[in-house]
Structure formats: structure tokens, C-alpha cells
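In the two complexes below, chain A is the common chain; its partner is chain B in one and chain C in the other.
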Partner chain A sequence: MPGWDDSPDRLYTVTRGRSRPPEHAFDLVTLIVTEQEPVAGMQSEHARILGLCATPTAVVEIAADLALPVSVVKILLGDLLETSRITARHPRFAPTKARLPDLDTLKQVLHGLQRL
Partner chain B sequence: MRARTRPDRAVNNGRDSGTTLWSTAGVLAGLGAAVLAVASTAAAHRAAVAATAGVAAVLWCALVLLAAKLGGRALRAERELGTVQHDLTAVRAQAAALHTDLAATHNAAAALRAALASAQVEADRDRAELQAARVELTELQNETAALRGAAQNAAEERAELGRLQGEILPEVVTRLRAGASVDTALAPYRALGHARLLRTVAEEVGRGERQRAAALAVCATAAGRVQALATSMHAELRDMQHRHGEDVLGDLLSLDHSTAQVGRMADSIAVLTGARSGRRWTKPIPVESILRGALGRIGAYQRVRLHSASTAAVAGFAAEGVMHTLAELLDNAANFSAPPAEVHVYVEEVHSGLVITVEDGGLGLSESWLRKAEQAVSGKPLDLSTLSAGTRLGLAVVGSLARKHGLSISFRPSARGGTGVVVLIPEQLVTHPSPALARALVPEAPVERPAPAARPAIEPRRTEAERPAEPAGTENGLPQRRRGSTLPTTTLPAPAAQPVRPLSTASAARFGAFRKALQQGPTTTDALPEDDS
Partner chain C sequence: MDSNGSDTAVLPGHRAPLRRTADNGLKIVVVGGFGVGKTTLVGSVSEIRPLNTEEMMTKAGEDVDDLTGVSGKRSTTVAFDFGRITLDEHSVLYLFGAPGQERFWFLWDRLFSGALGAVVLVDTRRLEESWYAIDRLEQHGLPFVVARNNFAEPGHSLADVRAALDLPDHVPLVDCDARARESSKQVLIELVRHIQSLAEAAAAAESFPEVTE
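Right after this comes the complex of A and B.
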């Protein structure tokens, strides 16, 4: 994708050499919410995540917005979670009134839509 | 002789008188005997006896007188004979003396002759010697003249040589170094005495120069190819890192890291050979990216800690050079610190630009090393011949880049115990984002969304020569490779040509995200719509 190599940052410098996200902390749809304001001197990706997640945002969306692979975003989120700058909420456990239908229903809907 | 005979005559006179005496006595005796005979004879016979005695006496007397006369004559003759004998003896003596004289004279003459001969020989020899000496003198004179001429020639030649080595050779070599051909470089000095020497030297220098240039060109070309390969590998790796899941991410990152180090090596060779350095960035690069870009090119990047709150950016044309400089300095710092020790990088915005300090936790460096390092990075033109196999190339590269971009670099002992390197990036190369954009980069209000990520969130305050990055593609829709970017980057298909962020409703966005979540496959984030809520 154009733009991906437009920056001299290599991903291992963004993750400071880590390639494994913290296990079980996030999946693609985990909603991230900012708990603390970004501070000066923070890694720019961290600051941008904190800016982005002022409203709850899914991990994939953050990845898209930052143009970074999801694994990398998960590592960055792990840093923020460790310092309690964000909280992670899994949508299925989100205390919303309109709970999402179960997975099978949604799959069927998806297939139906794709057949259209 | 007559004087000698005189006494002889006197003797002869004495003898004559004796003869006379004897003759007188004889006469007298005769007479007496006659008288006696007469007297004694008888008177009868007396008359006869007296007559006979008288005749006998007369005969006697005559005999005596004759005898006396003969005796006298004999005496005289004897005297004369004596005289003659005496004379003869004298003459003989004289003759002998004369003989002796003659012999002596002969001897003397012979001696004289011999002496003469020897003198003649000697004279001849002397003459010959004189001749030889004259010849020698002539030769010496000739030689002296020749020597004088030679000395003059030598002086002239020395002067000429002095000029040759003092002015002409350096001038010719300078021209040759500047790329002139041998004939062109020698054109003004054709008439010179040492034209052949000059030509030989010039040809040698020219050949060396051509070889040097060829070697440099080969190195530069090779480095350029490696650079291009590294850049395209970077693009492909980045693509793979996005396409594949976290199972292979670690491996991809490690490959990426190796590629970055290969790229730095190629960049170093390119810098040392005078070729252009790696990529060219078409937009200002934020300091954080500059630091991380530098970090990513060294082996021990995990021991480096960045401390930067700066929102400044470095102009695109200088970004690569600054990154490369910092990479070499960071590599040095990391190499000088034993593995657990960390290298700290501080950024400070100052009036005259941007100060980046690299501090290592090594043992500190000796004064002489510091001086050497300062000299290496002092920005003097790089002399490749000072690089030996043992020299660290890093500082030479840093020096070269510092000269090119006007960076000033100094070394000092660090407060942490190691060495601190201070890099001042001059103000002309530094851009600052406007306050609003700075806020976007480091948001202060969480309600504000940052600018779209595909674009850098900062813009240079000054708009010199830097065009913002545009999507690759010309009016006729054909992809066009931009300088400094790779073809894989620009030729990646479809989504590039489409509007970057299609407008979509919030529900559609959520649905898209959900669908992705369900698929759980390799994550491709390319068509993710934006959540506008």
C-alpha cells in the first residue's frame, strides 16, 4: 500500500524489538478507551492511540488509522495498558442494552448479504 | 828543456878540462921518458938514440894529443848522449804525462759524453713529460670548461626542476585530478625542457587517477545497486509485515533489521565513494522518525533509549544524511558500551537549530582518541587514503555527511562516564510544525482527532523546495516512480488510485470491522473505512 514505506521508521523500532503482543489482552474488536491524556515525550504512536481512543475504538480501526499491522498495534496497546493509560473492553461483554446477536446469526446474515 | 841542459854543459866543461890535464901530463911524461932514454944511452949511440928518442917523443906527443882530442870528443859525445838521454827521459815522461793526461781527458770526455747522453735522455724525458703535462693541462682546461658548462647546465636544470616540482607538477596533477586528459593538462608545458619527464609523470598520475575514478565508480555503482535492493526489500518486507499475522512478524522484523543494516553499509560506501546517499525523502521527517530511522540501522538498537519531546522535523533532502550520521554515531556509542549499558539520546531545540546528544555508558575515551574523532568529523574534505583497513569507517562517513549538510559535531566526556557526542543540526534544515499541527501530533485535547495518518501530521512552516508527497501517478493514470521511492511502493495497485478514505456511514464501518474480526485470517487493513463518529 502506498505510504507504508514513506516513513523511515522500521516496525521493530516502533515496538522496540518486540514482536509478540501480550497474549489474550486484545483481539481485533476489543474496544480501547483512553484513560489519560498523552504527555509530551511520549512515543508518537502512543500519543496518537490515546488521541484516537478518546471515544471507544476497536483495535483494527486503530491499526487502520495508524497504518500499522494489528500485531504491532497490540504491542503498543499492551504498553499503554500496562501503564493504565487505556482500558480495554471486549464488546461481547460490554454492558450495552442492545446486545449483539450471536455469531451464527451474524454469519448467516453475512452469507446472505454476500449472495445478494 | 834548454834550461834543463845547462847544468849538463857545465859538467861537460869540467870533463873537458880534465882531458886537457891528462893530455898535458902524457906529453910531459913522453918528453921526460925521451930525455931519460937519451941520458942513459952510451955516447957512441947517443946521437942515434937521441934521434930515435926525439922521433918517439914527437910521435908520443902526437898520440897523446890525438887521444886527448878523441877523449874530449868522446866525452862531449857522452855528454850530449846523456843530455839527449835526459831529454829523452824528460820527453818520455812528458809523453807519459801527456798519455796520462790524454787518458784522463779521454775518460773525462767519456764521462762527459755519458753525462751528456744521460742529460740528453733526461732532457728527452723531461720534454716528453712536459709534453704530457701540456696535454694534460689542455685536457684539464677542456674538462674545466666542460665542468663549468655542466655546472651552468646543472644550475639551469636545477632551477627548471625546482619550477617543475614547485609549480608545474602540482598544477598538472591538480588538472589531472580535476579530470583533464594528459594532453590537455600538459598543453601549456610542451616547450619545457623536461617535457618527457613531465609526460611520463602525468601519464602515470593520469592512469592512477583513471583507475581511482574507475574503482570509485564501480564501488559507487555497486553501492547504489545494494541501496536500491535494500530499499525495495524494505518495501516488500513492510508489505509482508502488514499482510501476515503475528506468527511471522518476529522473523519479518529480524529480516527487516538485517536489511536496514545492509542498507546502512551500502549508504556508507556510497558516501565514501562520493555517490548520493540512499533515499530521498520528499517531506520533512519528524525528529522522532529521524531518531528511529537511525536506530533501526544499527545492530544493538535495543540498548538505545530515546528521550525526545521535540515536534520539529528535518527537511526531506537532509533527512537521510542526518539519519545516517546519527546511525553511525549511535553504532559507535553502542559498540563502545559493554552490552548491558545503555546509550541515551537527548534532543533539544535551540535557537540555532536542533541539538541531538548521544551519550554512551562506556569507559570514556582518551584525549587522543577524542582529538582524532574531532578531526575525523571536522568536515575537512575526505581523503580516502587516510582510511586503512583498521580504521573505523563510521567517523569518516560522519565527517563526510557533516560537511555535506553543515552539521557540527563535537565530542566531550559524558556526565554518565562515557562519551557524549553533540550534533547540531543547523536551523536551515529544521522545520517546526505550526502550533495547531503540533497539537495534532501530540494531542492536548482528546476530542480532537489527529490528521489522517497517510499524511504526516506536520507541515513545514517554511515551504522551501519541499513538495508534499503526492500519490504516485500521472495525469494519464500511469504509475510513475518518484525519486527515492521504490517501484513496488508506487505500483501497488488499486487502492492507491481510489480515494484514500471513502466516505461511509458509521454502521458500515462497524460492519466492516466486524467482518474482519470474523474472518480472523491474515489481516489486511487496506480497505478499512474510517470511523467518522
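Right after this comes the complex of A and C.
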């Protein structure tokens, strides 16, 4: 993506210099839902996220829409979660290494794919 | 891809929103070399046109967890595509097309931990591009299948491909046409069936530990 490799300053501005989301572990496919409308004077990226997530929207879709790296979006989401403007629906299947998904989940995925 | 940063008005209305009841995201990763057809495969089964996004790391290949350092260091990004399939009122399957080259794997754990499994998409003209990805997936212990994207009349049998990839017998190897929805769908079904058989075997081993001892 042009414009990124050479503009770390913009990332710094967007996140106001913060580095990582405090204790919120957002997955790429955590679904975000807006709970409160954006208000005047809000940072524009925050307002845009709230606009996007009127219906559940995955973290990775937000990153694509905002044209921001995933880690930056996670920081912004951390802000919104802390102020209860969004809720996060985390993936149910979060295996540790070498653990396989349960059979019910797999059956569900299979049925969904077969219906395509 | 057109990306002018946050000044660009993005119209989310371009793509169908998820159902309000959606609350469970799932992941499958499609790994392969440049131009092998990852995005084509994702696009052929996805309910949205594939989107592109990126993650950053420093030149050293470390995760960026301190943006204050990014200003000083040269950071680099890894881009990936994705699409999605709504499975039912709760579950949404995200398909990620990810490059197979070495630098990408530094981000694997951060991006794709929790994936159900992976599809390694191979092009027989450049099989060597898949060796590294197959090695890494085996190390990770993530279930995967290998799909040969058939652009033309295959010059090699699948047995030849298996031998050239040094692929163990227990890893499924199938042919596909990534442009065809039905064919791409069958690859995903093959993967899920493979994970099912692994999970069933694991469950059986747990129920009858004395048998496996």
C-alpha cells in the first residue's frame, strides 16, 4: 500500500503515540458492534469506526476500510471499548497450539459450506 | 489497490453487512506464492469482493509493539487479502489469502492463531515456492490440505506433485480451479473433512487411552 512505509508519523498521530491495546485481545475476526453514536469533536478515526460498526463488523474489515494496519486499528478499538462505545464479540474457537476445533463447530462449518 | 488513507471516503454500503446476530468469527488461511491464485480462490467463494489490508513489522521481523520506535526504524508491512462466507445466523467464516514467503511467517501467530486450518495453493510450475509454507505449517501443527491450481492441462499426476513436494501421505492433495466457485468450495470442504477426521481420531484416543498406549 503506498503511503505507509514512509509515513510512520501518521501512525504516531492516529494513535497519539500509544503502542498497544491495554489488555484487550482483539482477534482479526472479533466482531465489533457500535453501542453509542459518534459525538462532535471525536477523533475522526473513532467516529468512522462507530459509523462502520452499526452492524457487526470484523476487526480486519475495519482495518481494510480505514486503510490502517491491523495493530493500529486494535489500539483505536481499545479506546472505544474502554469508553463503552462499542462491544466486542470474540471468536468462540480460540484454541491453544495443537488443539483441534470441536466436532460441533466443524459440522457447522461443513454444513455452511455445503449450502454455498 | 486504491488507498489514500483516511481522507478517502470509504463507502461501507458497497458490501453486504453481516447479520445483526453474527457473533462468531472463524478463520481459514489460504497460503501460496505470488500469483498462484490465492485471491482468485478467496474471491470465487466469498460473499464480498476480496478486501486488502496489512500489518506492520520492523525490518528485523519483530512485531511492532512500540510505535514510538517506528519513526526511527524502517518498518515494513505485510499485506493480505480476505473474503467472507456467512455460515449461519451466528457464524461467519473469514478466508485469508496470505503470502508464503519467509518474512510473512513472523506475523503468523499474531494474525492467524486460532485458524481452523489452511489451504496451501500450489502452481506446478513453481512448486519450490510451497516447500517453505508446508514446512512451517507442519511445525505449527495446523491442519492443512494442498490444492493444485490447474491453469491448464496438468503435465504431472498428483502422485508426481506429492513426490516433488515430499508431502506425507496423511496430508490431502487435490486438484482445483480457483476461478470456479464450486471447485474452490470443494477444496474448503476437503479441508474441513480432513480436520474432522483428525479431531475424531483425537477424541477416540482420549476416550480409549489404553488402546493408543
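To be clear about the criterion, the second predicted complex is superposed on the first by the 81 of 116 C-alpha atoms of A that agree within 3 Å, B and C clash if a C-alpha of one lies under 4 Å from a C-alpha of the other, contacts with A are read in each partner's own complex, and residues count from 1 in each chain.
Going forward, a contact is a pair of C-beta atoms (placed from the backbone, for glycine too) under 8 Å apart; a residue touches a chain by one contact, two chains touch by 3 or more.
Here the structure is a predicted model, which means the values were calculated and not measured.
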Query = Which partner does A:112 contact after superposing on A: first (chain B), second (chain C), both, neither?
reply = second
Practice prompt. Please work out whether A:13 is in contact with chain B alone, chain C alone, both, or neither, and reply first, second, both or neither.
Written response: first
Given the touch rule stated above, what does A:50 touch, chain B (first), chain C (second), both, or neither? first
Please indicate which partner A:31 is in contact with in the superposed arrangement: first for chain B, second for chain C, both, or neither.
second
Contacts of A:71 with chain B and chain C, given as first, second, both or neither = both
Looking at A:42 after the superposition, I want to know if it touches chain B, chain C, both of them or none. Which is it: first, second, both, neither?
first
Practice problem: Mind working out whether A:63 is in touch with chain B, chain C, both or neither, as first, second, both or neither? | Solution: both
The intersection of the chain A residues contacting chain B with those contacting chain C is 1-5, 8-12, 14-15, 17, 19-20, 27-29, 44, 48, 51-52, 54-55, 57-58, 60-61, 63-67, 69-72, 103, 106-107, 110
Touching chain C in the complex, chain A uses residues 1-5, 8-12, 14-15, 17-20, 27-31, 44-45, 48, 51-52, 54-58, 60-61, 63-72, 89, 91-95, 97-98, 100-103, 105-114, 116
In their shared complex, chain B is touched by residues of chain A numbered 1-17, 19-21, 27-29, 34, 37-38, 40-44, 47-48, 50-52, 54-55, 57-58, 60-61, 63-67, 69-72, 74, 103, 106-107, 110
Listed in rising order, chain B residues that touch chain A in their complex are 234-235, 238-239, 241-242, 245-246, 249-250, 253-254, 256-257, 260, 281, 283, 285-286, 288-290, 292-293, 295-296, 301-302, 307-309, 319-320, 323, 441-444, 446-450, 453-454, 456, 469, 471-472, 485-486, 489-490, 492, 495-496, 509, 513-518, 520, 523, 525-526, 528, 530-531, 533
Chain C contacts chain A in the complex at 1, 3-6, 8, 10, 12, 17-20, 22-27, 45, 51-56, 63-68, 70-71, 74-77, 79, 82, 84-88, 91-94, 96, 111-114, 116, 140-141, 143, 181, 185, 188-189, 192-193, 195-196, 198-200, 202-203
